[in-house]
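Chain nomenclature is as follows: A, B, C and D, assigned in order of appearance, with residue numbering initiated at 1 for each chain independently.
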Amino acid sequence: MDLNADLGEGFGAWRLGDDAGLLDVITSANVACGFHAGDPVTMRRVTGWAAERGVAVGAQVGYRDLAGFGRRRIEYAFDELRDDVVYQMAALDGFCRVAGTPLRYVKPHGALYNTAAVDERQAAAVVAAISEYDRGLPVLCPPGSVLAQLATGAGLRAVGEGFADRGYLSTGELVPRSAPGALVTDPDEVAARAVRMATQGTVVAVDGSVVRCRVASICLHGDTPGAVALARRVRSALAEAGVALGPFAS
Amino acid sequence: MDLNADLGEGFGAWRLGDDAGLLDVITSANVACGFHAGDPVTMRRVTGWAAERGVAVGAQVGYRDLAGFGRRRIEYAFDELRDDVVYQMAALDGFCRVAGTPLRYVKPHGALYNTAAVDERQAAAVVAAISEYDRGLPVLCPPGSVLAQLATGAGLRAVGEGFADRGYLSTGELVPRSAPGALVTDPDEVAARAVRMATQGTVVAVDGSVVRCRVASICLHGDTPGAVALARRVRSALAEAGVALGPFAS
Amino acid sequence: MDLNADLGEGFGAWRLGDDAGLLDVITSANVACGFHAGDPVTMRRVTGWAAERGVAVGAQVGYRDLAGFGRRRIEYAFDELRDDVVYQMAALDGFCRVAGTPLRYVKPHGALYNTAAVDERQAAAVVAAISEYDRGLPVLCPPGSVLAQLATGAGLRAVGEGFADRGYLSTGELVPRSAPGALVTDPDEVAARAVRMATQGTVVAVDGSVVRCRVASICLHGDTPGAVALARRVRSALAEAGVALGPFAS
Amino acid sequence: MDLNADLGEGFGAWRLGDDAGLLDVITSANVACGFHAGDPVTMRRVTGWAAERGVAVGAQVGYRDLAGFGRRRIEYAFDELRDDVVYQMAALDGFCRVAGTPLRYVKPHGALYNTAAVDERQAAAVVAAISEYDRGLPVLCPPGSVLAQLATGAGLRAVGEGFADRGYLSTGELVPRSAPGALVTDPDEVAARAVRMATQGTVVAVDGSVVRCRVASICLHGDTPGAVALARRVRSALAEAGVALGPFAS
């Protein structure tokens, strides 16, 4: 099982999250590429740290929206989104080259993540960007999403990820953030859910039903108080359950 | 002899210069990389056109200053400038990969061009960026400049360029834009100066003295009225003088 | 009848449209405020020119999206859009103060114009911004739109505008740009449609039906070849038809 | 005596400093205006809080440089800087209007603060902006600086400020940040220096000499750990010394 988290999400003088702390826990780092967050100095630093620790580096690509942190859906034209994604992947790849580690995968961020999961045009733009830039790069996304389907159809590898700290509907989708049960905050429960995902490939939905959740990676959040401690808790629980940890992409 | 020009200097809805027209004349295209000009869709388009025509693609790297078009000197810290340059080179390299053509060289733009020609810190930052990203990339710059010296000292190839439409001092430096004789506007004279640079390695300075000007490339300006016609005029004159034209970087 | 056009839509080194040419024809200038286009130097220049000619100045407010020229719909939160609009209105108001002319009205641009015409949240954000900043400012928008309704309901003045060079559906809405009949390109026809709007308050729809189109302003486009000539043609036709021209806001 | 601090220096998802904590201590808030920091939602929030507490609001104007937080000197043309300053003052003035409090003063930020203190062109651009926008606005700056001199010469009010936590040279200038004695970190000493500035108009320089330091405001830093506690310490010490506290601008 892989553990991924968003890193390098500051910009200039501004910091967000504990990059160094998370890098000791995770196996894959989604590094922001400068459009919704991330500046070149930060990209170099985080990529270098990841290389030193053997953590896989992925391109956390997002909308061009620093003011909105990439969380506002934007109705991009196909070619504009495709080329914004190529640009971001390539820019991060440059820092991977400097750090002596390969770029290993791509993960859309924020509103692009959510939109590409359901919207054919935006999903197709992400798939086109990866296909043209490097067909060997897997895309990390919700299992069964439109993005996963289009990526697979185009011959790319789609890697499903789960959220141990988010509630699930019986359909296998996440509970919307505005609805009850959206967040799981008890550390023991989060850890137990991670273990269940890793060992059984299932999750208990908000209605009590057991839902299939076959994922190769679990996403840990880094920008909340106690995030690193919770991440360590999840990692320990997985280790105790005998789950081998390592990057999904190699 | 190589003919280079700045291309892809629009941004979003805004256009600047006649990219397609110049691509039929030049042998090296300095493509803007998004910080002072250039957006991903434009970068892809121009890079693709260049690849089709066998024109060499170089990274026109600049300050992060869209509002100032990279023409305002910025007192960058060393690491910030180095990493901004890595980011821009790598981003353009991504579109080169998509277009199936290699990134061939680097040319600083505007105030970075002028500053790195005389300022050790900024020159060193550009050299560090190229050295770390790809030591095989030549840097196009004024012959004898601080940038040329530091690049050579670091084992990079520095390629000198001349300006057929700019006046020179007897020191070999350009006449400042605010001084008399800064611009040469007569097309015949511009063409003749280009031929002289290519065949004799000299230029006639504003005081009438003949100055050494050993350059491997001549820069043509693209954002003035009649730019393409003037570029064609220079190319024809060079061809008539028996000067072989082609990219300096291969 | 008022004639309005978008002005000041360049950014830094980039220019768009013939501001000076249009200012001799129109009676109201929608000046871009810096988020999708427009920089402070341009805002001062255009506002000053408008003041000299007695042309009314309005705030052309848009999404924060220079790369997309404000033409991509963005799913703003209510408070973010409201405050982006306040910021833009106030910034332009500063240059109005410098120019000695009042800020007279507000017109949303591009995707914000289209979205606020149908979307309650975005329309309400625009209305809230104007209500809080200056309740005396009219908003220029499609007659009968959601924005017009919410503005009126909040006690603001909504001013309807028509497009003489765009096709209309029998519902009174514009023909989508992708559909046949979206654009009217014949100058005589554009002029005749403007006169009809001004004198009869109607427009002939693409199906031949006569549709009510009661507008206090006609929008002229400035970023197409021949835009100024067409604008002059419309103005002459209106004058010949005895239509008095002047700003709707005073 | 006035106590001022930089507020509203986050951007979008990013936060910097404890705005609410400082607002209970200071009497004047330098609110960032969006070019080097500050977004419209933050500007509204901070301005509203300041209005509720009777804290005077000033425009913290800076270079257009989010990535550099306005800390990198930029060689602006006169009109570009003047108009960037007008734009920022006016934008903040809009939120002052919404909050029902007047814009009271202007304070340049970061590299603009340092540059305008010694550079005639940039100082003149700031003075021109204020003169054109509102001649009643004082400018907060180092006493005796080029900016103070040009402002006074233009009929504006220049208000000198001191730094209780910074070392001074015997010339009355600040010790450069890179030199020994640049920072005063002992809270008791910072408080004692503030009292000395307020009651005697002097400061003890790094060489032990007593230097004149007639200031109407003391600047407190907000972005360091313990900043609010230190600010409270200074305020208490001033109160105990019988110094009346209140905004310099009313």
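Everything below uses one rule, namely that a residue touches a chain if its C-beta (ideal position, glycine included) is under 8 Å from a C-beta of that chain, and two chains touch if they have at least 3 such contacts.
Everything quoted here is computed from the prediction, not taken from an experiment.
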Shared interface numbering between chain C and chain A [over half = same, under half = different]: same
Separation of mean Cα positions, chain D and chain A [Å, integer]: 41
Touching two or more other chains - residue numbers and ranges from chain D: 39, 67-68, 80
Touch-based graph of the chains, sorted into line, ring, star, complete or other: complete
Partner chain B, residues of chain A touching it in the complex: 34, 39-41, 43-44, 79-80, 83-84, 86-95, 97-98, 132-134
Chain A-touching residues of chain C, taken from the complex the two chains share: 64-65, 67-68, 72-77, 80, 111
Residues on chain B engaged by chain C in the complex (per definition of touch): 10-16, 37, 39, 66-69, 71
